[in-house]
Every structure is written in structure tokens, then in C-alpha cells.
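Read through the structures below before going on.
Presented sequentially are two complexes of chain A, the first with chain B as partner and the second with chain C.
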Partner chain A sequence: MALSVTDLRVYYRTLKGDVKALDGVTFDVADGEIMGIAGESGCGKTTLGKALIRLDNRMRHAGGTVALDGEKLPIADDAAMRRHRYREVSLIPQYAMSAMNPTRKIGKMIRDLLAAHGVRYAEVLPELERRLALVGLDAEVLKRYPIELSGGMKQRVVLVLSTLLNPSLLIGDEVTSALDVSSQKAVARALVEFRDHGFVRSMVVITHDISVLFQVADTILVMYAGHLAEKAPARTIIDEPLHPYTKMLIGALPQVGDRYDEQQLSGIEGRPPSLLNPPTGCRFRDRCPLAHDRCAEAPPFREVAEGHQVACWAVS
Partner chain B sequence: MLTLDRLDKVYRTGTFGTSDLHAVRQVTLDVQRGEVVSLIGESGSGKSTIGKMVLHLLDSSGGTITFDGRDVTHLGFRARREYYRKVQGVFQDPFSSFNPIFKVDRTFETLRRSYFPRVSSSDWRGRLEEALAAVSLEPGDILGKFPHQLSGGQLQRLLIARALLLDIELLVADEIISMLDASTRIDVLNLLVELKSRGLGILFVTHDLSLGNYVSDRVVILYKGRVVERGVTAAVFDDPLHPYTRDLLASVPHLDRTWEDVEAEEAERSAALAGRCLYHEALAAQGRALGEEASAADGDDVGLVEHSPGHFVGCFRLAAGDPCPAGA
Partner chain C sequence: MRGYLARKTLVYGLTFVVAVTLNWLIPRLMPGDPVQRMVARAAVQHPETIESMTVYYERMFGLDLPIWQQYLNYWGSLFRGDLGTSVWLFPTPVSQVVLDAVPYTLGIMIPAIVLSFVIGNTVGAMAARSRWLDNVALPVGYLITAMPYMWLAILLAWGLGVALGWFPVAGGYDFGLVPQWSWSFAADLLHHWVLPFLSLFLVSLGGWAIGMRNLIIYELESDYSNYLSALGAPRRLVRRYAFRNAMLPQITGLALQLGTVLGGALVTEIVFAYPGLGKLVLSAIQNQDFFLLQGTLLFVVIGVLVANFVIDIVYVLVDPRTRTGLTGATA
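What follows is the complex of A and B.
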């Protein structure tokens, strides 16, 4: 098992109290698996990604464990994590593209990053060039500034540099979200290729764009308000979701052929609960058409079929 | 209602205007009342530039814009104010349209002061509530709040409500849903359709074809500043003709087919159209010499021919400077 997360809790400290952004999540990512994470804005996707790399000073590890390749990761200990970061677990943060330093050439940026991890640029340069070519980029880009590249080119550069040391796990947070369909496809395909070439062993791909996950992910994990709702093979999540929230989320997606006149889709009424003082029990309760008395108690995230886990009392 | 005729935009770039950028080339399109027209193209294709010219946030470099038969290509200060009573825009990032240090109410106050100084407070309150109701917002949930206390979808709807207060006739919606998540997206899309059924004309700018397809009556496909294909939505989506449109449709992530499946289907269509250019074939059939584009410009459509009723396509070359695949 590449990644094993057990009852992980990560809270944000605020003046009003803890925001329980990740409140007891348990899941595994197998060797070679690309797991997608989907869910509404604010459900905790980015928090989960960050928790596996670096807790910022407002985040608090409130419980639970993370193990990578059987070894426990010291996620609450920033200094101890340094050894694992980038070499073993690598993160492409949300908005990575716009966070690139505009005054540094791409090559210089990569050189600095490698130096920070004690690796010589010249040593990896041939491999770097090979991988750039693989994602359709000329080595010429190393001499360019970020603003000279399109969004899709920048994301491919970020992918290459994040995986240069062949980490066990790559987390990509909304790497395709700001791109148009053609660049989206190029970047999404590069993700799969990198896994196939063994440049990264397993991946966690975060996006609210479920149709992209259907194209690249082996499995999809659906989150809701800091909890897990469902995990299953990608096709099962799309074609036979079991959790009421997953069903509504999939139902809100216009497909390429859908037209308003013929098939009117609807969003999910209401909003997710505040994570400052989240309600007890199932957090989807006040929006769920199937809610009943039992839902006042939190449903366990349990396996209902091989490789298919759901947290819902209404699913047998 | 709105007609763009051979609209052009050249951005002067480079230190001495040496490397001009021709961002919009001879774009002709129209939007009628009660209709959603989607303007679709990859990033950098010139969509926002067109939207901004319609909204007079940018000057055009050539061509004309008419609104209800009146030439509005150039407008003075006063005329522009009147124009904005009828035409408004909403943009991609709702957060940047609000000043974070003021409550969202201020947006409405500013509007009232500049356009409705004589409307009484109670009358204004009534209009405000009506506009909020039209976008399914509860005044109590919204008023008195700061922008950061509202979601992207709520802010986007607030901006639409603001436009509605002016009783507008045309809305330019530039990528208004790309920052929203799936369930909020569909709510905003449904809202647009509802507004159109009340007679509003909407120019919906997007790079997402499935969203464009869901809401629009007609679509305009833009590539590097040039309209390569346009027509009734169903016609363009069911039978995309231009190589760029076909490539674009093959890139859309589907929920029931993989990219490989879609590419296989597309390969068949491409094989049938390889080395051809329906635009030049149509011109030849009409008895005009191949490549004689200037004369085509005298017809109904600048650089486009009507391939089938309501479905127009341009020369199959990609960028303006590329050769035509049929060698025309």
C-alpha cells in the first residue's frame, strides 16, 4: 500500500475556534493507483493535500496517522518531514501556475529547487530534458520566463519538476482547472503517462471537475464537509454511485450532449454546513432527501462491495 | 439586436508598437432578444477582447457594432451611460468585481446614485428585492454581508442581479462559471436560461463546450481571433465541420466515453474530410474562383459560407496565415 491514511484530523485554528476541515478520514491508495478527489468547494480537498506535505502554521494535526510505503510520516513535525518532502511525497499546489516567480527563468527555478534538496542540476539535466520532451516541451523552455508560457505549458513544466526525483506519491491540486479543454487534455494525459513510466508510483488528483477524473483516475474519492462520502472505481462513481451526495453531484454535471430544453439538470439545494461547529451525525443530513432518524449518528465509512466504500445509513 | 460586423482589434505591443497583435479578425456575429449565443474558443482566442469591445471597455480597431440598428461603435460619455442601461457585463472572477472592504450593499447604492437618484427608498427596496428574487437570492442572506462572507456563486448571482436592476436587454457573461463548482455552475446556467426566456439576449463567453452546448441557441467558434464556424448549437455540435471545431470537441472530457473512444470516432470523420475545405468547395460550386476571398466578403458572411441552413463554416486553414488544406 503506497499511502495509508487513518482517522486523520486536521483543524485550522481561528479566533472563533477550530475549523474542522478534515475530521476523521480513512483511506488507502494502492501502488500504481491514481485516486481522484472530488467534492464541493470548501469540503477539505486542499487541506487533505497539504496535510500530506506541510501543515502551515494555522493548521493543527488533531489526530490520526499517515503512512507512506509502510513508514509513518511525521506530518506534525515540520523539520522531520523535510526528508520526505519532494523526494517521497510531492505536491503541485492549487494555483501553482500563478505562484511562479515571474523574475526567474524556468531553468533557474528548477536549479534552485533541486539545490534546496541537495541535488545537482547538471546531474539531472539529461533526464529533465527527456521528460520535457515527453510532455511535448522543448528544452528551450528552460531559458524562458513563466509569463512567456501558456497555462498548459506551465502546468506541464510544474509536473516535470515536481516529479524529477521519482517520488512515491504525487498530489496534484486542481492542476487542470484553469485550462481550456485542449491544454486540459494534454496535462491530464501527461499525469497518466508519468505514472505509466514509473516517474511517480501513485497519485492523488484533486479537482472538482469530475469528467476529467473519469478520464485519468482509477478510483474516485468523494468528500463532503471534512468527511468522506464514497470511494469506488471511477466508472462506478459515475455510473452507479451509492451515496445520495455523489448521486446529486453527478446529476448536476452537464454532459456534452445535454441541452437545457431536453434535459434540465439541477444543482444541490442548500449549502454545506459550517466547519466551525459542524453538526453531529451525517454532515449531509440537512440537504439529503433520504435523511432519517438514524442519520443523527455519523455513518461509518464501510466497504459495501470490493473496492467500494460508502458512508451512509441508507445504503445496505 | 446586437450585431458585430467585421470587427477587428489590434493590440499595440512591443516597445515601439513593433509587434502588433491582431487579436480579433473580421468577426461578424449577432445576438437577438431572448437568445443565448455562446462564444467558444481556447484561451487567447480573443473572446474577452470581443466582450470588452461590446461593453466599450476597449476600443475596436475596425468594423462596426450596432445595437437595435443604431451604430454604437463609438460612443461619447453621455451616450455610453445610456448604452450601459441596456448592456452590462459579468466577468470570470466575482471576487475582483467587489471591493473587499465594503459590504456588498454598496454596489447597489452606487448604482442607485448614478442611475436612479429620484427613486424613493421604499420603491428602490422593492426593485432590489425583485432583482434578488430573480436570481434566487434571499435578501436576508446577502445584504449587510462582506464579499468574503459569500460564496463565488452567490457573488456571481449578485452581479447578475445588479445588471437586472438596470432592466438591461443584453448581458455579456465572460467565463462566469469557470470559478464555480459543479452544483453551483448548473444553478447559474439555469438562471441564464430563465433570463433569456424573459427576453434578455446573452453573449455567453466560455471555453467549456458542454456548458456552451447546454445553454445556447447558437454558437460561434473562435480560433486565433477568427470565426471558423458558427450556427445553431445542435448543428455545430452534431456535425462539426471545421478541423478546429472537431479538435475542440474531441478534447472535451466526457463522462461516458474516454478520450480514446472519442478520438477514434473523430478519426473517421477526419479521414472523410482530409485534404478538403468545405468553404472553398462551396465557393467553387457557386461559380466563384477558388481563393477569391475578397468577393466572398460581399456576401452575407465574411469569410464563411452557409454549409447547410443556419450552419456556417470558414476556410479549413487554422490560423489566418496558414495554407488551406485543399490548396485553395
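What follows is the complex of A and C.
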């Protein structure tokens, strides 16, 4: 088991109290698995991604553990975590467009970063150039400043840079969200290729765009208001979702062949609960068509079929 | 780069022409007649003598010519390095008077600008991540930056000069000494230099520190800093990048500040009766000395233009984004 997360809780400190953005999540990611995390804005997916590599200073680790390749990660201890970053856990951030220092040539920045990890640039350079070629970039980009590259190029440079030391786990946060569809496709394909080449062991890909996950991910984890709703192979999530939230989420996607002048594309009524003082029980209760008395008690996240876990009382 | 240099040179050339023209014009708009003043100084009563003296002086200074010709003559002699003759210190040439004063002004200005810039930016960068320093350095910084130059100068002169008696409060060197190359004279020069330098230095210091603190906080929260930290870069590396990038707006600020600091230096010199350009400007105005005022202000203008030009060039060297030679990459 590459990544094993147990009852992880991460809260945001605010003046009004803790916002429980991640409130007890438990899941595993297998070796070689690309797991997509889907959910609407504010459901805790980015918080989960950050919790695995670097908590920002407003975030508080309130409980639970993260283990990578059997070793527990000290996620609450920034200094101790530094040793694990980049070599074991790496990140492609939401903001790849501005992720590189604008006043330093890309090659020099990579050299500085590698030196900080005790790796010699000259030794890695042939591999770096090979991987740049793999994503369709000339080695010449290393002599360029970030502003000289297009958005898609920057995204690919960041992809190569983040995975240069072959991390066990790569977290991709909204990797394709800022790109046009042709660049999206190139980046999505590169992600899968990098896994297939063994540059990255497993991946967690966070996005609000389920269609991208369908291209990239082996399994999809659906989150709702800081809780897990459902995890299953990507095909199962699309074709046979079990959780009512997943069903409505998939139902909200447009389908090829449907004519929307005849029928309205349906959304999900209502809005997610506040995470400052979240309600007890199932958090989707208020918007759920299947809600009944039992939903006042939080449903367990349990396996209903091979590789398919759901947190819903209505699913047997 | 060549096109950029050519454009900049053109802009600075035009600025220079406008500045020189204003410089020539402004003394002529002042009330009073300098020739009358010189004649009056001679204290002669005889009308004929007064008449012939007036004619002599007017011809000598070229004031008998039509105004447009005076203007052209001014440019002509400027290119020959001739700034005219001082009325106040007649018959010393203006260039001589100004060149004697320039070292004093540069001597307090350059160390004050450079040291306040370096120290202010360093303190500001440290304050950005130290609560203690932030709580102490910043309020003090706000306080001294808000002070007008002459007010701080007067406070220093009173506190360190009059009350404590550590430093002399007037002059560039002791009036009992003759300027010469000797250790005792150099020590005396330094002793007189401290207060004017300190007042300029302190006023600039706080501004740089405050600016740098804010800029560095912004840079440390920026995306590239977060990304580097997420990839396990040590704090030292992130700080180094942030500091370098935060310096860029500060360099622009330096260019903008130069004129203000120069104005401050002139006022400070007057407070301390320091024999630099500032005191010269005051004396020239008090004595209706067109030519000395023109000459002094010309040096001031040239100084500001040259310094700004240098900063423009430096900025292109330190910020790759302003370079026109970037070609981009394709893929």
C-alpha cells in the first residue's frame, strides 16, 4: 500500500473557531494507482492535497495519520517533513503558471533546488532533458525565464521538475484547470505516461473536472463537505455510482447526444453545510432525496463491492 | 538593448535641455537686479561712476544683450565649460565655486543613500519574519521617516551637538584650520561630517525598512515561494529568491527618491552651515547671484539625471522581464 490515510482531520483556524475542512478521512492508494479526488468547491479536496505535503500556517493537524510506504509522515512538523518532500512526496500546484521564480532562469532554479537536496545538477541533467523531450519540450527551455514560456509549457516544465527525483507520491492539484482543452489533453496524457514509466509510483489528482479524472484516474474518490462519499474505479463512478451525491454530480454533467433545448440540465439543489459547525450525521442529508431518520447518524465508509466504498445508509 | 539605450538617451537628453532652460530662466524671474547690488556694494555716490560701473558690469555678465541672445550665449558657454563669474564672490568663476562645494555634498549624500538603502533593506527583510523586530523597528521607522529633514537635523544638532557636545554643529571643518592634507584636518572633517550625514541617513533609513518589510512579506507568500517550500527547499533559498525579487521595486524607489534626498541634503547643509551645494544655493539666492545659482542647480540637475540613468541601466540588468532581447521558446 503506497499511501495510507487514517482518520485524518485538518482544521483551519479562524477567529470564529475551527473550520473542519477535513473531518476524519480514511483511504488507501495502491502502488501505481492514480486516484482522482472530485467534489465541489470547499469540500476539502485541496486541503487534503496540502495536508499530504505541506500544511500552510492557518491549517492545524487535528488528528489522524498519514503513512507512505509503511513510514509515518510527520505532517504537522514542518521541519521534519522537509526531508520527505520532493524525494518522497511531491506536488504539482494549482498555480503552475506562477510557480517558478520570475527572475531566475528555469535551469538555474532547478539547479538551486537540487543543490538544496544534495543532488548535483550535472548528474541529473541528461535525465532532465530526456523527460523534457518526453513532454514535448526542448532542453533549451532551461535557459529561458518563465515569462518566455506559454501556460501549457510552464505546466509541463513544472510536471517534469516536480517528478525529477522519482517521488513515491505525486499530488496534482487542479493540474489541468487553467489550461485549454488541447493542453489539458497533453498534460493528462503526460501524467499517465509518467506513472507508466515509473517516474512516479502513485498519484493523487485533485480536480473539480470529472471528465479529466475519467481520462487520467484509475479510481475516483468523491468528497463532500470534509467527508468521503464514495471511492470506486473510475468506470464504476461514471457508470454505476451508488452514493446519491455522486449520482447527482454525474447527472449534472452534460452528455453527448442529449438535447438540452428539450430538457434542462439539472444541478443539485441547495448548498453544502458550513464547516465551522457542521451538522452531525450525514452531511449531505439536507440535499439528499433519499434522506431518512437514520441519516442523523454518520454513515460509515464501508466496502460494498471489491474496490468500491460508499458512505451512505441507503446503499446496502 | 541598443534600442532601449538609444531611447533612454534621447529622453534624458530632452530632460537635460528642458532642465537647463528652466535653470537659466528661473533666476531671471527673481525680483531684484544683481548689477545694482554690486554697484551698491561699491558704495559710490557719483552718478557718472555708477553709470559707467553699471555698463561695465552689464557688458561683463552679458546682461546688455537681448534676452534670446543671452539664452544662446548661455548654451554656448555651457559647452565650453564656462558657467560665468560669480556676483557674490566676484571675480571667482562659478565653476570653481561649485566644484569646491560638490565634494562636501557628495560626501554626505552618497554614504547616506547607499548605507540607508543597504541597512534599511536588510533590517526590513529581517523584520518581515521576526515579531520582535517588527514591533520595534517599524514604529521607530515610521516616526523618523515622517520627520522633515531639517527638523531631524535641528533635533540632532541640539541633542548631540549643543546638549551633549559630542559633535560640532556648524561648518565643514573647524574655522581655525586651513584645508590641507593632514591627519588632524581629516579627523576634523570627519567630526563635522557626522551630524549632517546622520540626519540624512536616518530619515531615509525608515522608509527603506518599511518598504522592504512589506515587499518581502508579499514575496514570501507568493506562489513560487510556496512551491519551493512544498518541494522541500530550505528557508534560506526561499528567502534569497524573495529578497532578490523584493529588491526590484526598491531600486525603482531609489530612483524616485534621489531628487527628494538631494533636496533634503540641501536643507540639511543649511541647518549645519555645511559648505556644500545647499548652502551655495542659499547664498546665491540671498545675494542675487544668477550665475552661481544657475551653475549650482545645473550640477544638481546633472547629478540627478546621471543617477537615474545609471539606475535605469541597472534595473534592466537585474530584472530579466524588462529586457527586450528575450526571444521566447517554442514547443
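One rule holds in what follows: the second predicted complex is superposed on the first by the 309 of 316 C-alpha atoms of A that agree within 3 Å, B and C clash if a C-alpha of one lies under 4 Å from a C-alpha of the other, contacts with A are read in each partner's own complex, and residues count from 1 in each chain.
We adopt the following convention: contacts are C-beta pairs under 8 Å (C-beta built on N, C-alpha and C of every residue); 3 or more make two chains touch, one makes a residue touch a chain.
Predicted model only: the values in this text are computed from it and were never measured.
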> Following superposition onto chain A, is the placement of chain B relative to chain C best described as a clash or a fit?
Replying inline: fit
> Which holds for A:S211: it touches chain B only (first), chain C only (second), both, or neither?
Replying inline: first
> Once the two complexes are overlaid, how big is the angle at chain A between chain B and chain C (Cα centres, nearest 10°)?
Replying inline: 70
> Thinking of the overlay built on chain A, is A:L276 touched by chain B (first), by chain C (second), by both, or by neither?
Replying inline: neither
> Touch check for A:I147: first (chain B), second (chain C), both, or neither?
Replying inline: second
>> By the touch definition at the top of the document, which applies to A:A305: first (chain B), second (chain C), both, or neither?
In response: neither
> Is A:A296 touching the first partner chain B, the second partner chain C, both, or neither of them?
Replying inline: neither
> Looking at the overlay, what does A:E40 touch: chain B (first), chain C (second), both, or neither?
Replying inline: first
> A:Y95 contacts which: chain B (first), chain C (second), both, neither?
Replying inline: second
>> On the combined arrangement from the superposition, state the nearest Cα-Cα distance between chain B and chain C in Å.
In response: 7
>> List the residues on chain A that touch chain C in their complex, please.
In response: 53-54, 56, 82-87, 90-91, 93, 95, 98-105, 112-113, 116-117, 136-138, 140-141, 144-145, 147-149, 153, 158, 161-162
> For chain A, which residues are in contact with chain B within the complex?
Replying inline: 40-41, 150-151, 178-185, 188-189, 208-212, 214-215, 238, 248-250, 252-260, 264-268, 271
>> Quick check: in the complex, which residue numbers of chain C touch chain A?
In response: 222-224, 226-234, 237, 241, 244-245, 248, 318-321, 326-331
> In the complex formed with chain A, which residues of chain B make contact?
Replying inline: 42-44, 151-152, 178, 180-187, 189-190, 193, 207-211, 213-215, 233-234, 237, 247-249, 251-256, 258-259
